[in-house]
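Labels run A, B, C and D following the written order; every chain starts at residue 1.
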Amino acid sequence: MAQVRHSLSMRVALLTGGGDCPGLNAVIRAVVRRVLADGHEAIGYRRGWAGVVDGDSIPLGRANIAGLLPRGGTILLSSRTNPYADGGDGTAIVKERFASDGVYALVAIGGEDTLGVAAKLAADGVPVVGVPKTIDNDLPGTDRTFGFDTAVQIATDAIDRLHTTAESHDRIIIVEVMGRHAGWIACTAGLAGGADLILVPERPFDIEAVCAHLQGRHQTGRSFSIVVVSEGATPIGGEQVTSGGGTDAFGHARLGGVGVWLEQQIAERTGFDARAVILGHVQRGGTATATDRVLATRLGLAAGRAVLDGNFGVMASLRGTEIAYEPLIRALETPRVLDPRVYEDAEVFFG
Amino acid sequence: MAQVRHSLSMRVALLTGGGDCPGLNAVIRAVVRRVLADGHEAIGYRRGWAGVVDGDSIPLGRANIAGLLPRGGTILLSSRTNPYADGGDGTAIVKERFASDGVYALVAIGGEDTLGVAAKLAADGVPVVGVPKTIDNDLPGTDRTFGFDTAVQIATDAIDRLHTTAESHDRIIIVEVMGRHAGWIACTAGLAGGADLILVPERPFDIEAVCAHLQGRHQTGRSFSIVVVSEGATPIGGEQVTSGGGTDAFGHARLGGVGVWLEQQIAERTGFDARAVILGHVQRGGTATATDRVLATRLGLAAGRAVLDGNFGVMASLRGTEIAYEPLIRALETPRVLDPRVYEDAEVFFG
Amino acid sequence: MAQVRHSLSMRVALLTGGGDCPGLNAVIRAVVRRVLADGHEAIGYRRGWAGVVDGDSIPLGRANIAGLLPRGGTILLSSRTNPYADGGDGTAIVKERFASDGVYALVAIGGEDTLGVAAKLAADGVPVVGVPKTIDNDLPGTDRTFGFDTAVQIATDAIDRLHTTAESHDRIIIVEVMGRHAGWIACTAGLAGGADLILVPERPFDIEAVCAHLQGRHQTGRSFSIVVVSEGATPIGGEQVTSGGGTDAFGHARLGGVGVWLEQQIAERTGFDARAVILGHVQRGGTATATDRVLATRLGLAAGRAVLDGNFGVMASLRGTEIAYEPLIRALETPRVLDPRVYEDAEVFFG
Amino acid sequence: MAQVRHSLSMRVALLTGGGDCPGLNAVIRAVVRRVLADGHEAIGYRRGWAGVVDGDSIPLGRANIAGLLPRGGTILLSSRTNPYADGGDGTAIVKERFASDGVYALVAIGGEDTLGVAAKLAADGVPVVGVPKTIDNDLPGTDRTFGFDTAVQIATDAIDRLHTTAESHDRIIIVEVMGRHAGWIACTAGLAGGADLILVPERPFDIEAVCAHLQGRHQTGRSFSIVVVSEGATPIGGEQVTSGGGTDAFGHARLGGVGVWLEQQIAERTGFDARAVILGHVQRGGTATATDRVLATRLGLAAGRAVLDGNFGVMASLRGTEIAYEPLIRALETPRVLDPRVYEDAEVFFG
């Protein structure tokens, strides 16, 4: 059957789910160009699975994707709708939509939730291919996720700027970056920006030890410190520090989390002038770095190729310098935590 | 007397006071190069007036200022020490220090507080020249202050990034920028970033009108909004909204101010997904834009020239495209509020 | 008549002529928003006057200008077509087009050539308003042109990067920037980037003095030099140095001009390792700085306002911190050369 | 012996050789911090092997490396001096210098030439460890070299800017980037910037096919094209195109190479408006991207670790996401050419 359809023009659908992430449009463009290059056509469902459920789609031809590569966000928009929610028969809903829209197969771009739906659909025989997405870089089954490099660059640029203020005012600056379950952004940006201490979810911290470390630095001649902290870092024995902020729809802590808590604790316990900066959403919007655009493009091309090859139930992933395929189900495994050797590298500079 | 000293090498002192501001090092470099070019020498007091009080100074020769132009912060460090505080005889303290250090005259770079001290000294016959500094752009007596252009560029870059997130998620994003008493940064960055609403200290806002405006936008087809707000903006009849944050040593509101308050109010009143981003200290650190480096350099050269000409009690300022001198005392006048025509220009885009 | 038409919806046309310049799209957006805000409509002629001659126009509603502010280039495209060329009756051609398209008035955005046509039309009673544009900043009648700040920032960023290479390799780096008749970009970026010598069209240079200056620097301990040169700078008594490159359609020198000539001359005459970098078109493309976006937006709003007020034959211009109107004919006056005081400021740092 | 010296403080030397490359200072900082953290000391020879030959070194303590991470260039300066040149007994020279300076071991940071000397020294029993460096990314034995990511980002930013100019003027823009023997920069930046054609040294090109491709694009509705070309790309059957430019001391083509040749050929053969931009040295100076800072830091730490472990004759390299060691001699193998799969990915977008 697939062979027969191959000889004709196939319609390939795309969707993006979950939070914003630099590189989404580059993935969309690459899937579409791959599909068009082989003589097929593409459509995009809007607002993630919601577009499939509601039948809200747009054509994706050359004109629609012109100028898309450097643009932030996703032209397909996004949501957290889950077709299986509230006991719905997601598989039936999606199959019917594909039948009525003449869709041959789907490329789903998203994180744990989006790919979880994709994996269920694949298990039920729906032709789906995934592209893993998380700014936090903790999705299992791939060496790196697109968007991460951009987030790290933005955080590093901010740390560079804050360094001069810290230096000029003998100040401790706490920079809270993204990373709910994993310290990849904090540790990588901390290494790149020359952090004097890095706090990550993988290593609950002792606030007294933190303060003692900062005081030790000042006693040996340093007059300022930059502390980089993941939003998901927690004090030992404590729960996630949210001081009322709660978490947003995509699970990220609202303003007023661990960064503000550390500012207060450090100021009180050490008497130093401490100041928190919460980078927040600035890290996940806007144009992607060259590195992320290349990764997003290569993943998109590979996902498109998998569809054209009838290689379903997989996601495109990075392995070393190569693009590979992993079973979609891998996206649901335990999050990939920070490599302890990277943290040990960063520790050399804490002195 | 001055004539006699002119024929020999004079020692010119510099200091920087108040908060960090991109361009401080460019001013220092320019004053020093101007002074050295005429065969004189320069020293820098460290940590503002504290260095004068304590006698903490460093030489400023060619080697000390090499590579200084693109560097953020101030190599002279800063503080808020006031030699007249607690009834001290600031004039006597400064005169004695200058005598013992062989200082001919001083260039004081700073804001209202620093220049206020400079004006008092000048009134008492101490040879002082000022360079006005405030990131907020509200210092009277000059058309623009250095550092402002950099802050606006950083805020605009952030707004550009946030736009794509707002768009992709049908979201209202509130960007809180600096500006305690004046809306220059908010209005200029809002114009440059395409804000859909701008709230400034000069125009107390009605939270109901704000929400009605945002709802109106959504009813006429816009699916997202960017609101740019000065940290010093207040609701009508209300006091400054600090929700516990208080202000820091330099008078800027701590995290948890009007941006977070607006996030809560807008979300509750409209049901939209609202999210605050507080740019904070990122706006005032790091390398300066070309425009700020040029302004800082021209002001520094003019301040150095004033010292060499014996033209004391003045500050260098920008008038149109030219550098001029204003009496130091002008720095103490009422802050220069936002030009209402600039706000009216921005309003055209609120629809 | 105009009064009658005012009560109805008027159709305002726009066009962009001449070379690319950051901020063009921001001007277009501002004119359109101003016009729409008053209940009128806008169209854009494509490829400058060519679109008027050929009747090639597009509607400019809210949807067409969404997301336009940060985008480089011009969505209206550009050309150097002149409706008066080859003895054509430009006025008649334009009047007929406006009549058939129902155009009430035109906003022409461009440089000397585009505004020259606009001035002729205005003299013949055609309702035209201009917005001056030149990346070189040498257009008379305004204190600054949009695009200039962006070009200076790009050149400054490049000089910053080249500084470290020059330093690490004891090298003389010659940076050729735009500026055919005026040294604004060279002198401003040179001031901002810390140039050790700046060569501009306004001051023909003596190649022997240039080499002696560089040798003098090296003899007094500097191990490298950055020379910033306008593409239009010439040796004394010489003609414009083009070494075969010629000039392009918009009058800018092709690669192989004065920068390459200086590289050869300096290397031969001094024995230093000299290297030319020609920034070229990178200076005039892409997103605009915040400062240029604000200037472009304010000029566009003022041009739109002039049309709505029936104030024709003028161009919007910057005077100090305010937007003013000047007769269109002023754009044809002698180019505005570099302010000698700015060059003198830069000279302080040549030592 | 080594064991005895380990119990005392060891002096570790560093040097940097060859051309400028973003990340050099980050490597230096990391080696020094690693060495200091273990209680040893560090010195730096200036100007590569020349500093060893001449005995020109500086101490590298905490103060010397403060603020080094974001700085471009190399504080140790560089040269192409080879201690074995002209039949010199390099090994004896280096051994004597190390003995008189009390140097325990050396970390040599450089490319093929620098590491070639290091490999010879190691073969003669001199304790040396290497860190591979080339902006071109073609050094064998490592998955990526530091500086490459920065060069790609700078080239991508330039392509983004040039896109808008190409678009606004129906123009073909040829962007010449670094890459003498390998197309890594051209292909990666071309992928990231959305190039419509990429020419690399690994695939000699047919100028007629190039022109036919560009004409084909225009016949199917594209009005502009961006061609990215490595400086070392050559026409089929032709030699390297230098049109008189020659190569510089580090082997990179001078201005007037293949980019200018293509501009002329394309303009003549197709009649399109073609314009070359030669990015040149801007690609190799200035601050490094976060990714390059992290790679440089990790390689520097690993090199320092190798010295402390007595693991000589190796270079630190990247393998997937991990840092590994390779024999120094591997740096002399055939350059690592562009992965053909990456080029094939880029080809999808040429249509």
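One rule holds for everything that comes next: a residue touches a chain if its C-beta (ideal position, glycine included) is under 8 Å from a C-beta of that chain, and two chains touch if they have at least 3 such contacts.
Remember, predicted model here, so these are calculated numbers, not experimental data.
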Farthest-lying chain, centroid of Cα atoms versus that of chain D: B
Between chain D and chain A, distance of the C-alpha-averaged centres to the nearest whole Å: 30
Averaged-CA centre spacing for the pair chain D and chain B, given as whole angstrom: 40
Junction residues of chain C, two or more chains touched: 160, 287
Graph class of chain-chain contacts, one of line, ring, star, complete, other: ring
Residues of chain C touching chain D in the complex: 19-20, 24, 71-74, 77-78, 154, 158, 160-165, 167-170, 173, 248-249, 255-256, 259-260, 263, 273, 275-282, 284-287
For the chain C and chain B complex, residues of the former touching the latter: 30, 33-34, 37, 69-70, 143-144, 149, 152-153, 155-156, 160, 188-189, 191-194, 287, 289-291, 293-294, 297-298, 301, 319-323, 339, 341-342, 345, 348-349, 351
